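I have a structure here, written as structure tokens, and I will follow up with some questions on it.
In order of appearance the chains are A, B, C and D, and numbering begins at 1 in each one.
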Amino acid sequence: MAHSSGRMPRYCTGVARQPMTADEVQRLHQQLSNWGRWGPEDQLGALNFITAEVTAAAASRVLSGRTVSCARPLPTQPGPDNPMPVVHHMTGTATEGYGADYFAVAPHGYSTSHIDALCHIFHEGLIYNGYGAETVTAHGAGKLGIHHLRSGIITRGVLVDVPSIRGVEALEPGEPIFPEDLEAAERATGVTVQTGDALLVRTGRWRWRETHGPWVPSEGMSGLDASCLAWLFEREVAVLGSDGVSDVMPSPVDTVPMPIHTVAIVAMGIHLLDNLDFDELSAACTTAGRWSFLLAVAPLVLNQGTASPVNPIAVL
Amino acid sequence: MAHSSGRMPRYCTGVARQPMTADEVQRLHQQLSNWGRWGPEDQLGALNFITAEVTAAAASRVLSGRTVSCARPLPTQPGPDNPMPVVHHMTGTATEGYGADYFAVAPHGYSTSHIDALCHIFHEGLIYNGYGAETVTAHGAGKLGIHHLRSGIITRGVLVDVPSIRGVEALEPGEPIFPEDLEAAERATGVTVQTGDALLVRTGRWRWRETHGPWVPSEGMSGLDASCLAWLFEREVAVLGSDGVSDVMPSPVDTVPMPIHTVAIVAMGIHLLDNLDFDELSAACTTAGRWSFLLAVAPLVLNQGTASPVNPIAVL
Amino acid sequence: MAHSSGRMPRYCTGVARQPMTADEVQRLHQQLSNWGRWGPEDQLGALNFITAEVTAAAASRVLSGRTVSCARPLPTQPGPDNPMPVVHHMTGTATEGYGADYFAVAPHGYSTSHIDALCHIFHEGLIYNGYGAETVTAHGAGKLGIHHLRSGIITRGVLVDVPSIRGVEALEPGEPIFPEDLEAAERATGVTVQTGDALLVRTGRWRWRETHGPWVPSEGMSGLDASCLAWLFEREVAVLGSDGVSDVMPSPVDTVPMPIHTVAIVAMGIHLLDNLDFDELSAACTTAGRWSFLLAVAPLVLNQGTASPVNPIAVL
Amino acid sequence: MAHSSGRMPRYCTGVARQPMTADEVQRLHQQLSNWGRWGPEDQLGALNFITAEVTAAAASRVLSGRTVSCARPLPTQPGPDNPMPVVHHMTGTATEGYGADYFAVAPHGYSTSHIDALCHIFHEGLIYNGYGAETVTAHGAGKLGIHHLRSGIITRGVLVDVPSIRGVEALEPGEPIFPEDLEAAERATGVTVQTGDALLVRTGRWRWRETHGPWVPSEGMSGLDASCLAWLFEREVAVLGSDGVSDVMPSPVDTVPMPIHTVAIVAMGIHLLDNLDFDELSAACTTAGRWSFLLAVAPLVLNQGTASPVNPIAVL
């Protein structure tokens, strides 16, 4: 790689930026709150930014019709980044005269491409919109379950390919991404992130993994610095996706392990798409010379669920 | 209901049609074959009809941007139509400080909204495109696995609402649907089914179930008569979906339990969407006064799998 | 059947007994408490009655060496008494060159033969020995998990065959069993229940099910009346098993749905064996003319688990 | 460790023994066959050696009544020796007011303590007693399923502690055990293995793992050399257990990966207990000064299953 940085280099050199403090992140919960914005019974959060008009406009801008998956295969092999592998068994084969199967998945974590429901993360005993965390029991999520997304997410997707912006193959594990990166991408691609967009941030995680092998994600994942939260709020992003988990790990913010997860989900009501794969999409965008597209995300209708594995499809 | 028929009335009265014989269905495997049409290594079958141009054209016709799910919630309750209920357990709750869960699903059968991979059905020891059924082992489907659909299905969907055409609330269990019904729907809606379409046929199953309670599907399901197969072939339908399983049950064709599954999947390479729910979509189409829309189906990337649960999204 | 009674006949006719009140049951939590009896860190409860001497004595009384299972097959079929069927899939077959499989089980409920860990039931926020119920989280049971039974239960088993005592084929759903029945059985068989015994009470549930078909257990199950609790305490029973769930259902005790589960598990620390099958054992005991035997129960070592499916073996 | 050997040292030094050839092992299938010995419909194989008299005699020799588990906890953590970890989820916690859970297990492999059903291993298209391997389909094992063991295995267990015999802490991965070891153990302990015994062979695997960490079992496991097969046959051993998988791995026999599994299961009808843990039992036997005991194995009644996780209990 072109740059010889260690972990979290931008805090030490170059931008010379200090990480946010826990107090600063705590204040974001008020400053960037969407609680009540769409009513006291709202279950959708920032997905409300995706009006029918936004969806229609995104569809109208499809050009080639090329479709690209943003999902990894369901991860059936255990590894340091996959301690709870997907179980997949065949229940019908040549012998029985038909093909049939069964699979079992715990979508959260660092391996399965999935969307987090807003009930996934708590802050001070509350979930998005001020519902009590006690609504989440072993019977299911009484509020903000994934089934509220049954009508799907059909909106404009925008890919920010940070390694391309920085001129590297892949960001290093633990390397943070700043608002300046997002804006550099806007300038480079001519796409301005706007209300209702699905913002997809590529770190090059899977390229790094191909080269260096799997590792324990908590020891280092590239992702957005907490300073991006205000930017996401201002742009009225509806959904945030990453080939990692959007958060930098380990967290630069003392005592706040995952500020993006916490503030984006709980305060802002932004659904996160974790562990996606943008390698093919990045190539397709480069070929097409455009970095926005129609994005279709269709979560399974799991009543009171906290997540769904997904296969987001970009249509260029 | 307006008509006082028993099971399979149209064969006895009205249309006075005879069911196809097993020999006639057998001949369809040659007459309606797409084997080799897209090369000896083809894994996609009739999805090849969905070119990028077809996708782009479908996107361009979105008007309102309203999105509607065609999926049932994942069925966690057992019943006569659901002997293998989906397992759903919470693995994180208020006590643990986060919401998390796990689910397990065997998608085939008569309850889960799913898409069949082309490896699901065998005929005389072969699967679509002439691959041997022996490629389907307990290790997975060596050919025609569901992972080949990773780029998704983004095409025009057309809803044929047969109860509406026939002026009833819902078709009765076991009631067949004929090409005449499909063409009556075309005339009534002004939509002509064409190359690359996803044809969605509503029987009103779930309306019937609300009124009459659950029943054993093999004892009676409304669906397409085998005489529709040639029609599907001629129109170059890419995907076929139903709120049942597309087949009439019990089968009117002696010794061929599911002629639609067998000929459409094995000979024609048409993926089937089973156990969808078009009740909301039917209402939305009625309101919009249009019966075609953009349809987004995004199967999970389950390597060598035989199916995926799906949540197809219609965008009007 | 010989008697033409309705539900819970013994409260209305014959014995003319009044059900216990909720207050009376509440007092049993103090009167019959074993909390602290085996130390503040005890995890075994009444299993402490099974000393090595008790085990050795039970082994010494084996006569014929005939072994009899007390388990039902793992219930893979759903039904009114089995809403969460066991999942069983083959993962290796003739095609792969070996036989292999996978199963998934939620042992509690009314169908799987299982042993309850002492962490299964709470009373006023506490579990046996006064541990807080909050030790039971989605991470597992921090106290009283089933893994504490890893050394197994090898003790004397005593079968009380209530239908035989009462001269009927099977008790009716909802029919209570009283201390008088237990003592009548002692007189009839010459076996006196004593310290460390596994008391197995047959109601004839499965015989009834064969004749009448499956039903919803909460609507009627035969089991022990709450008046048996003091008797169990005095006799220092170590384990209590039933072909039902030991409790009469619906509960005759107002506001206390399962007094046997609650008092026996929480106060007395008695492990319960639910949904066993004593039909074969009853026949074997009749043939042998003896109603006590060596009983071997070997729970799986599931760390912090709340139960284990079991196959208790009686050795006559 | 006391000896400085590499892999499979006994073949190169000391005993100067040559491994068996594939032809020799092939001949064992005839020489050591129990097919037909207990009738053409036999489903139990060498368990037929455990007559009621054998069971009664084993019970009569219990002395102290101390019980010891031979099972590992169900392995929920993935690792090089556990690619398909047991899934364990809580379904009821403090919040719901009761403790409940769910687990899923694929018992075969190198981690879960389990018993192999006789349908597990095939040889030339056949399973024990000459049944066709084609009886093992995705619907289950039509012959020799684990449910045939519903009456349990209650017999004399004999522990052969090979590291103790050889004066080492643990055998090295890949180190073979010979008949001479078994006989040396007999001389050292005064126990002669006889008809109907459960022979338990300790290699010290878990002690080695504590010291060296987990490894990929196929790269090296201590176990019985194929030359032990005739010895097992002559002694009429009913069950064979190990803290490994009884086979040496990699196999010294060219082209026969697991001769013990193949000949013992298919030809001799001996059920194997894999991945047990004898560390506590070894200590208990040392303390008691006796190496035989009552062994109770109670497989779950999984209809047409190929294995069961077990917790074998030794009663000294």
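Convention: a residue touches a chain if its C-beta (ideal position, glycine included) is under 8 Å from a C-beta of that chain, and two chains touch if they have at least 3 such contacts.
Note that the coordinates shown come from a computational prediction; the quantities given were computed from them, not determined experimentally.
Both chain B and chain C are touched by A, D.
Within the list B-C, A-C or C-D, A-D finds its counterpart interface, over half of the contact pairs alike by residue number, in B-C. A rotation of 180° superposes the C-alpha trace of chain A on that of chain C, rounded to the nearest 5. Mostly identical positions are employed by chain C and chain D in their mutual contact, as over half of the interface residue numbers are shared between these two copies.
Per-chain Cα centroids separate chain B from chain D by 49 Å.
Between chain A and chain B, the centres computed from C-alpha atoms are 31 Å apart.
The multi-chain contact residues of chain A, meaning those touching 2 or more other chains, are 87, 89-95, 100, 102, 104, 106, 134, 137-139. Taken chain by chain, the contacts link every pair, so each chain touches all the others. Per the touch definition, chain B reaches chain D in the complex via residues 87, 89-91, 93-95, 102, 104, 138.
Only residues 77-79, 82-85, 87, 90-93, 95-96, 100, 104, 106, 134, 137-139 of chain C touch chain B when the two sit together in their complex. Taken together, the chain C residues at the contact with chain D in this complex read 51-57, 59-60, 62-69, 71-74, 76, 87-94, 97-108, 113, 117, 119-122, 127, 132-141, 147, 150-152, 154, 294, 296-303, 305-307, 309-313, 315.
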